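Below, subunit A partners subunit B and then partners subunit C, in two separate complexes.
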Partner chain A sequence: MQNRSFRKGLAVFWWLTLMFLYAPLLVVMVFSFNSINTSARWGGFSLRWYERLMHNDVVINAISHTLLLAVISSIIAVILGAMIGYGLYRHRARKLGLLIVLIYLPIVMPDIVFGIADMAFFVQINRLTGLLSPGLATMVIAHVTFQIPFVALIVYSRFVGLDATLFDAAKDLYASPGQRMIHFILPTLKPALLSAFFLSFTLSVDDFVISFFTAGPESATLPIYIWGAIRRGISPEINAIATLMIASVALVAILSLLFNRRRA
Partner chain B sequence: MAERSPTAAPGGPFLSVESTTGSDGSAAREASSISLKGIRKEYPGGVVALESVDLDIRAGEFFTLLGPSGCGKTTLLRMLAGLDEPSAGTLSIGGVDVTDTPPHKRSVNTVFQSYALFPHLSVRDNIAFGLKMRGMARAEREQKVVEIAGFIKLGSLVDRRVDQLSGGQRQRIALARALICEPDVLLLDEPLSALDAGLRSQLQVELLRTQKRLGMTFVFVTHDQEEAMVMSDRIAVLNDGIIQQLGTPQEVYERPANLFVARFMGHDNLFPITARAGMTVTTPIGSLETEDHHEGKVALIRPETLELTSPGAPSVEPGKQLNTLMCRVVERFYRGSNVEYRLSHQNDEQHSELIAEISNTGERLFRVGDEVKVEIYPEDVIMLGDDEEGA
Partner chain C sequence: MSQVDVVWRRRRRRETRHLLISVLPGALWIFIFLVLPSAYLMSVAFMTNGGFGQPQMPLTLDAFRNLAGFGFLGWSPGNLYTLWRSIFQSLISLGLVVLVAYPIAWYISMCRPRLRAIMLLAVVVPSWTNQVIRAFGWMNLLSPGTPLSTLAEKMGLIAPNMGLFPSDFAVTLGLVYNFLPFMVLPLYAAFEKLDHAQIEAARDLYASPLRTFFVAVLPQTLPGLLAGSVLVAIPAFGMYVIPELLGGGRSQMLGNLVASQFGEAANWPLGAAGALLMLLATLLGLVILRRLGRRLGGGTEMVI
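Then we have the complex of A and B:
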């Protein structure tokens, strides 16, 4: 039957797509456990590359920079982005066309444009004031700028999905503006804020281009370290780092998904 | 209004109603009157939601704002709650000017059309929300929730999650959440419109009993004229931001102030008046005697006032001069307790349709095609003015 063969074709297509997406990751993960120093053949299972990583101070530093940068920038982005999302919602009756575009734009703008612009910007400020020399601070600012749009949109869509009379109900039930924030808006937003935090976190950990242009000599993150190391060839050590990153990003992405789904 | 005997409230003396209820059934609790003077609402862009509205709502009254969607009834209700600000005019509740008082400082609570229960809170916390915002201690709040749950017969509903409730249950929780605050005035924004017919009439009765028992001022918004008539002490019929008529359900139904009110209250027998001589008016169904001294452009004859007999039968009241016309039955709708006839009337070249609603007393019903004699009492021929001349 034609219908059946069509479905079979779809299934094949589905598996091919999955293979393209995940086979390269799988290869990296498998060879991170290879006991010999090549990706050409399998020499048996071993954890030696992970062991070596644990004793490499440069790698440990890069990991801690990455995590620190991700956590700080995500917290700032969630606070600022939530405020933008709330503002967008509160004034949705007005014509916000241009503002919405301005918020979407960083999402579609190539990272390299942002990275170079940020770098030039910080260099200028540094030259004029002596502040913001390349380092963790400049990276945090740069990361916050590309995380904010995502947070704002998550928070905005959470508000839009909400019955607008809930705001009236809170006022009607004697809640002052401060009480409305504490007892209605924040608890209602909680799942969206957590999900926005985890998304920001993964975006930050993922980022190479913007980090590369804004990092200082002492603040290399894991992606920057990998880029440097890879110029000497792909070692099994890199495979081990990549595997750790895949595992941690997958974990956070799953957490983000769970929080987003659990919202009432 | 028929007196309703207060039924005992199980679960505790909520609002101390039982102890203060007078022998006449009215509660001695301080209920608040509402006074609107020159209230006007104009939106940016020039849309006028309310023209200058003057309205006095009495303390302890079940008052209904009735009208089609967009007539301004919800805007008016939101102004009472403080959720909308009037462009002009003053509003006082219980003699105190609250025109500039924000909603969270008004002793007014609202049951919203969508119920607006907080999804992040349990049913119990939803009900206690207003008390918590007012700073009442937890133990006292919980006691109040138990009392109100008994009063509105919520039973085990308070232990459910909000998303586990049906429409009717949500409505009751929303009512409990508003009543527990013991407001001076309770506002209800079409709270029953989302429910199916059976549940709706049951909740109408419950709501009415609750209001009588508390003696609280209720302001109710609806677009359903039957609901308005069943529930209200008085009704204000609104259209285009103007109060068209203010009166008891009986007044509004039996003596509509104008064509709009007549149509909105469901009247169909409306006949334009082409000439008038003394108490005789000329209409498409012939000359009619009336006892209405008002000037009018349209004659209204309510369907239930028509008397139907067989041609040749004696008059229903031989001593009296009745309007008589001959009609033919075009359609018959049997409704059990009453029967609706669609009648056609031929007068010279003019063809008209009349509707008669006859209560089913078990007598022989007319059939489609039968010729019938229609008799109309002069006092049932009512003169209506133009639309815009509101009361």
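Then we have the complex of A and C:
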């Protein structure tokens, strides 16, 4: 199998697959600079779609909703998830099977079932009590629900990677629970908390289906806006927004990579 | 009761309290905002459809009869076609994903270790972009008048001016594109542990390259292949965005059927019955994964 032509064939296949993987993204990025209103032909370089974006209040609103949703939900999820991660680690000797099923549930649940279940639930709650009308609040609730497990798993695996005797050392030096938290647990956890925050943030920005079903009329995020724009008919403005989103994802990816490398 | 006993008991009670305080808020959050809503949704599947799509009380199995095609106007095959299309699309795209991912994972495992991490990253990075945008990229590539569509037209594969999108083909392509990383990662994990001595032994015994593959390579990578299959086929079965955007009206899958029942078609019980079916499929996938993990000795946990 180490045969040279076999390897060469695989290399060719690898580059073809890479083209397949990046072609749709590149097309979107390239045609966002197209001067004419189509993705079939190239009419020359222009920035007019970006200029138009600057003046589109709906888009600006959608961007701010997306960021607000991502930041608020990530903060809540990091707090709740880190607590679960710590609890799981500290009590790992106990039988916590049911809890672990509960934590994996948001990960394995098909996102459309997740979104629709939440929507139906919120509608009924709203009918009974008047609370939880669809909007940013319901979206935050749903996003936190799918972010918690990832945070918990990151924090838990950070604890598992620690030397367990460090906990005993802190106790032997008569550190109170509060002191242990401030001087030992939180500092060692800081990188894990940061990467959990970044992951939650990207998960939130990346999500479409769950946001779509829990959103209200006034709380459309960027993916929801793009979805609507596509359904209404293809506009080259979408290329420009999509390019901005691709670029920011790439930026976050590179940042977190650099961050991880420095830590390792 | 001895002194030690009391101390020990007090300590245990304190530990339990600690466990509850640290775990309960998050666990309750998931319970209230995911478990309860899902339970409610499942119960809706057994209710009757009221006037405005709101579920009503007498418990029936009407929704499931609806799902099987029995409606006001007698039986129609529409829903069953949708179900069949979901199964067919997820299996076809699974087959294609395997065909692409297998050589890719093999090739990555052959490269220098430092290169491997970058190559894996290169496979995964596109999936970090929002799936609506990725589907939109394919719409741009496949719509009528684009080079790919023109090429397909010239080769006589499609009717003039139809374009490759919207079509069943575009949906399959979108699914393959979306789920490729889900197969490459577990397969790569299997290839990384490949025992090359077995391959050499097969060759020393004058096995043909094909025979060597089936005897020495495929069995070793089977756990990764099966784990990847579950990770591709089950989510593909319930896909919503891709059929909606790339398929046009005639390529609907189960996810679209479910979603439309909570929107314009306004039949919550029918939608809930479809959702129940999706959950059952997911459960089946998880059971298969667990069985695999137990029989083949781990290696599947890293997947998620």
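Here are a few things to note about the model shown:
The definition used in the following text is that the second predicted complex is superposed on the first by the 254 of 264 C-alpha atoms of A that agree within 3 Å, B and C clash if a C-alpha of one lies under 4 Å from a C-alpha of the other, contacts with A are read in each partner's own complex, and residues count from 1 in each chain.
Here is the rule we use: contacts are C-beta pairs under 8 Å (C-beta built on N, C-alpha and C of every residue); 3 or more make two chains touch, one makes a residue touch a chain.
Computed from a prediction, not measured in an experiment: that's the story for all the values here.
Contacts of A:Leu199 after superposition: neither subunit B nor subunit C is touched.
In the superposition on chain A, A:Asp163 makes contact with subunit B only, not with subunit C. Between subunit B and subunit C, more residues of subunit A are touched by C.
In the superposed model, A:Phe20 makes contact with subunit C only, not with subunit B. Once the two complexes are overlaid on the shared chain, A:Asp172 sits against subunit B while remaining clear of subunit C.
After overlaying the two complexes on the shared chain, residue contacts for A:Val78 are found with neither subunit B nor subunit C.
Once chain A of one complex is fitted onto chain A of the other, the partner contacts of A:Thr188 are limited to subunit B, with no touch recorded for subunit C.
Of the two partner chains, subunit C is the only one touched by A:Ile107; subunit B is not.
In the three-chain superposition model, subunit A touches subunit B and subunit C at no common residue. Residues 1, 3, 6-7, 10-11, 13-14, 17-18, 20-25, 27-28, 31, 38-41, 80-81, 83-84, 86-88, 90-91, 94, 99, 102-103, 105-114, 116-122, 124, 141-142, 144-145, 148-149, 152, 202, 205-206, 208-209, 213, 223, 226-227, 230, 234, 238-239, 242, 245-246, 249-250, 253, 257 of subunit A are the ones touching subunit C in the complex.
Here subunit B touches subunit A in the complex through residues 78, 81-83, 102-105, 108-110, 112-114, 116-121, 129-130, 132-134, 162-163, 177-178, 181, going by the rule given at the top. The part of subunit A that touches subunit B in the complex is made up of residues 163, 165-166, 168-176, 179, 183-184, 187-188, 190, 264.
In the complex of the two chains, the subunit C residues touching subunit A come out as 15, 18-19, 22-23, 25-27, 29-31, 33-38, 40-41, 44, 100, 103-104, 106-108, 110, 119, 121-123, 125-126, 128-134, 136-141, 143-146, 177, 180, 199, 209, 212-213, 217, 234-235, 238, 240-241, 245, 255, 258-259, 262, 268, 271-272, 275, 278-279, 282, 286, 304.
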